[in-house]
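Worksheet: the structure to be examined is printed underneath.
Note that the chains are named A, B, C and D in the order they appear, and that numbering of residues resets to 1 at the start of each chain.
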Amino acid sequence: MKLSQTLPGLKLKNPVMPASGCFSFGKEYAQFYDLNRLGAIVMKAATKDSRFGNKTPRVAETSSGMLNAIGLQNPGVDNIINEELPFLDTFSTPKIANIAGSTTEEYEEVTEKLSSHVDAVELNISCPNVKEGGIQFGTDPALASEVVRAVKRKSKVPVYVKLSPNVSDIKGMAVACEEAGADGLSMINTLTGMQILKEKRKPLLANNTGGLSGPAIKPIAIRMIYEVYPHVSIPIIGMGGIETAEDVLEFLLAGASATAVGTANFHQPLIMPEIIDALPGILEKYGLSSVHEAIGGAHDENIASSLYSS
Amino acid sequence: MNLRNMKVAGNRKIAADTYELKLYTGPDFKTSPGQFVHVLVDPPHYLRRPLSVASISRDELTLVYKTFGEGTKTLAGKKIGEEINILGPLGNGFTFPEEKRVMLIGGGVGVPPLLELASDLHEMGKSIHAVLGFKSEQDVFYEEELKGFAEVTVVTEDGSYGKKGLVTEWLDDSADIFYACGPNPMLRALLTELEIPGFISMEERMGCAIGACFACTIETTDGGYVNVCKDGPVFPKDKVVLP
Amino acid sequence: MKLSQTLPGLKLKNPVMPASGCFSFGKEYAQFYDLNRLGAIVMKAATKDSRFGNKTPRVAETSSGMLNAIGLQNPGVDNIINEELPFLDTFSTPKIANIAGSTTEEYEEVTEKLSSHVDAVELNISCPNVKEGGIQFGTDPALASEVVRAVKRKSKVPVYVKLSPNVSDIKGMAVACEEAGADGLSMINTLTGMQILKEKRKPLLANNTGGLSGPAIKPIAIRMIYEVYPHVSIPIIGMGGIETAEDVLEFLLAGASATAVGTANFHQPLIMPEIIDALPGILEKYGLSSVHEAIGGAHDENIASSLYSS
Amino acid sequence: MNLRNMKVAGNRKIAADTYELKLYTGPDFKTSPGQFVHVLVDPPHYLRRPLSVASISRDELTLVYKTFGEGTKTLAGKKIGEEINILGPLGNGFTFPEEKRVMLIGGGVGVPPLLELASDLHEMGKSIHAVLGFKSEQDVFYEEELKGFAEVTVVTEDGSYGKKGLVTEWLDDSADIFYACGPNPMLRALLTELEIPGFISMEERMGCAIGACFACTIETTDGGYVNVCKDGPVFPKDKVVLP
């Protein structure tokens, strides 16, 4: 069973990688299994300076999911390069840096420093743009285009853009990012949600709102990937509620070329190697002979065939 | 670090909404006082629940939990013989003291981790005074168990059992060092009250419980940050900023 | 414990009503309990003509939720008036008609016929506008304004607008509807989702996509209501994943004045009377002395006070 | 109509991935052949599962289910004494025939509802021939049970047991009326094959199962529509358009 594949910048042994922010910089899960088993490693978001993030509570539980408002906590791009990457460099697994910022300039600066140390970058455009009064880069196609273009100029490696699902028109966002030069898409980031603490009559999270993730959002992720796939010719890394190898296959059929596992790591720390072990059997069960064959398989034959999905 | 299914050996109510869960660990499960485990609960509850190790003996791990929400309520329904998935032991436990006279301070479900600690300190020949605070008589537990190792003062908020008031009103002035575990307001009160050195065990909502998600991050007094799950839950009293 | 309240057009005994489409026209659940127990009755969407809706399968199950693509099946406005309303008229409970259409004219026509028979109408603007090439009324504030204005002119009773959550800016939609004359809002309709049948390598639902509902979406509903509440002075009927009296309270605290229960009826047919029975105890548990007192309780004191939330 | 918790009296495997679940109904639970119940399964599965009444005796209800997906798999884990929430009986069952010679046709998990029907028809003195189709030998069940009431022909697709082929190849030409329950392709094949009158029992994915959500709506041959849950699941053969 062929699980391997080449995507821009990434030679993937298999289509399973951690979702950014759920795997820090790899050290913790390396106590459970060999990180060489993973398709790729996706790091926690990097910003220019060290960020403490939001006050706690930062997480809440929801039916079949969770809310998080970590607030992009990270040690800053320089510390990541000096303190975190040397550990990851001991593995042969491709590395993807997740990049965040509150201005286009910050995105550029972080990309410039970090991109030469990794195999690809993933642009997290769900951050509020402080200059534009806090509206998210990820909900305005024009702003998104601008930041993608800027980052593409600075990056030494392919750029994947991570789309926010909190939009009326996901296809429009995807197409705008592709036109601006994105080499791939990551879909989806979290949906903005809230939980209220009845005892205190206020939102539970210190940040009030948080991002909803986990199995609860899987149908939304599948729909968005299915919707975007026929309109782009760049590959999609799919995520949102993946827990099993069957889920991975569902994302591939919807149009993802690879997948990421986030929240499920907290539920079951060994989930990624378990999924990777189960995947060949699952592909076989459904009559497929490779990951490649599964990609976009749920679409009608007559859609515009694209580079990464035949 | 360790992930395994453990069989329930017992699960009984020991106080109001408070249960003692005994689990067969299987071989080679070692933990020290102050560490915790991350317990998988039934769907649709998705996150694990962090619970302190209350005591450990050969192959039996004891946890004590209060059924605050729905997740711990499903735990209360677990019967002998059923399996529960346990991640742990996690975090760093208590550092044993040089000092002779030790005060243990526990508030509510902050009491359980003090049991194993008291047992170890007792073995080391320390003189131990445990001050335990509860809401009311029906919430009191582990008084007898701790009496095996320590002088015990029970304090209830409404005075329905033992002394009346808050633990901070019944502290032992003769202690050289303290170990405290309980809700943040209690810890905050202790820190202003007590001049002696001490260790506190912190509670934060958790995702991964291994340091990978930054759910449980708090500030340190030197301007940095730590993850309660990995760098704690026990910290020297002046290391962290209480949220 | 005071559960009663008056909202535009509606004297509610309590804040619990069925969500449209999950309760047909009431006859079925009337076998389980007296419909007079409910705060109001919300009917299945009405269109001009009888509609068969989509092919089956029309529903799928998801983690803590479901997808539906019923396709607005209903017997048409005339049959509703002649065949369904007489039964509902035997109850003293206020009636809300849910109105759908694929053109502004259809909305107007249905409203004109139906509004004199009910206590309020709920405009379902999540339907695709066939004239405007299928984009939803509910994702474009200008289109939404237009249809609200048109319906307001025809309606003999207050008009509640049911907002779609599939938008970048829910606040903008809410404000546009209020400005166009809406007397209230219903939030939220379903999130567009999909499930793929791996055996057949195609979407499970005959309609491909469906609307996600159930506990999975509750955090999104709470967030949207909380976000909209300070910016409008019309009441909000909250819905999305409600299963318990505690959930009802969470919606009230977020800013809803009343609530609707949809998917949970399928899980537990007696859920609404159970919630109504439990509600006084739950309000008391959290120190509240009436439903009215709970409304908007999770907001800071200093937000603009509004008519239906003190 | 009725909603109640029923205690599991038995839950055993009777064929490949196929289980027979016996439930204590409590008093006054009456149902007729062809009706179904809507079964609550464990979270995070949210929708109930519609399952036909296989048989009913005094206070014991028997269901037979195949573990296709995750929801029925959680059912297979239910132990004696546990409770399951049951909505039902629901829908309209089979109309008993005037005719003498009756053919029952069941495909896979379409077989269970024929058991209670056969028992009733047998009591009415009808001559019954049951033709049961399965994938393979290991899938066969209820042959013996049906033999108590009917002549039974078992057909397997691979010929590993009984006759080889599809049920449509082994129909009984002498029957006056038929009752069929099974997958849609089987029903479709029967309708083209059989000229005699008959009843079919339909399957559709359901939400409410009482007629309130329109999840299970299908077209009728006269251009109208019906809800399988409330108007069916049994229909005269020429009433509905098979989807």
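As a convention for this text, a contact is a pair of C-beta atoms (placed from the backbone, for glycine too) under 8 Å apart; a residue touches a chain by one contact, two chains touch by 3 or more.
What you see is a predicted model; the values in this text were computed from it and never measured.
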{"item": "Centroid comparison with subunit A (C-alpha atoms), farthest chain", "value": "D"}
{"item": "Comparison of A-B and A-D (more C-beta pairs in contact)", "value": "A-B"}
{"item": "Subunit B and subunit C, separation of their C-alpha mean positions in angstrom", "value": "45"}
{"item": "Whole-Å gap between the CA centroids of subunit C and subunit D", "value": "36"}
{"item": "Multi-chain contact sites of subunit B, meaning residues that touch two or more partners", "value": "43-44"}
{"item": "Residues of subunit C touching at least two other chains", "value": "60, 62-65, 214-215"}
{"item": "Arrangement of touching chains [line / ring / star / complete / other]", "value": "complete"}
{"item": "Subunit A-facing residues of subunit B, complex", "value": "1, 3, 40, 43-48, 71, 85, 87, 204-219, 225, 230, 243"}
{"item": "Subunit B-facing residues of subunit C, complex", "value": "63-64, 215"}
{"item": "For the subunit C and subunit D complex, residues of the former touching the latter", "value": "21-24, 27-29, 31-32, 44, 52-53, 55-66, 68, 70, 73, 214-215, 263, 265-270"}
{"item": "Contact set on subunit D toward subunit A in their complex", "value": "43-44"}
{"item": "Footprint of subunit C on subunit A - complex, ascending", "value": "62-65, 67, 139-140, 166-169, 191-196, 198-199, 201-203, 208-210, 212, 214-220, 222-223, 226, 241, 246, 249-250, 253-254, 286, 297-298"}
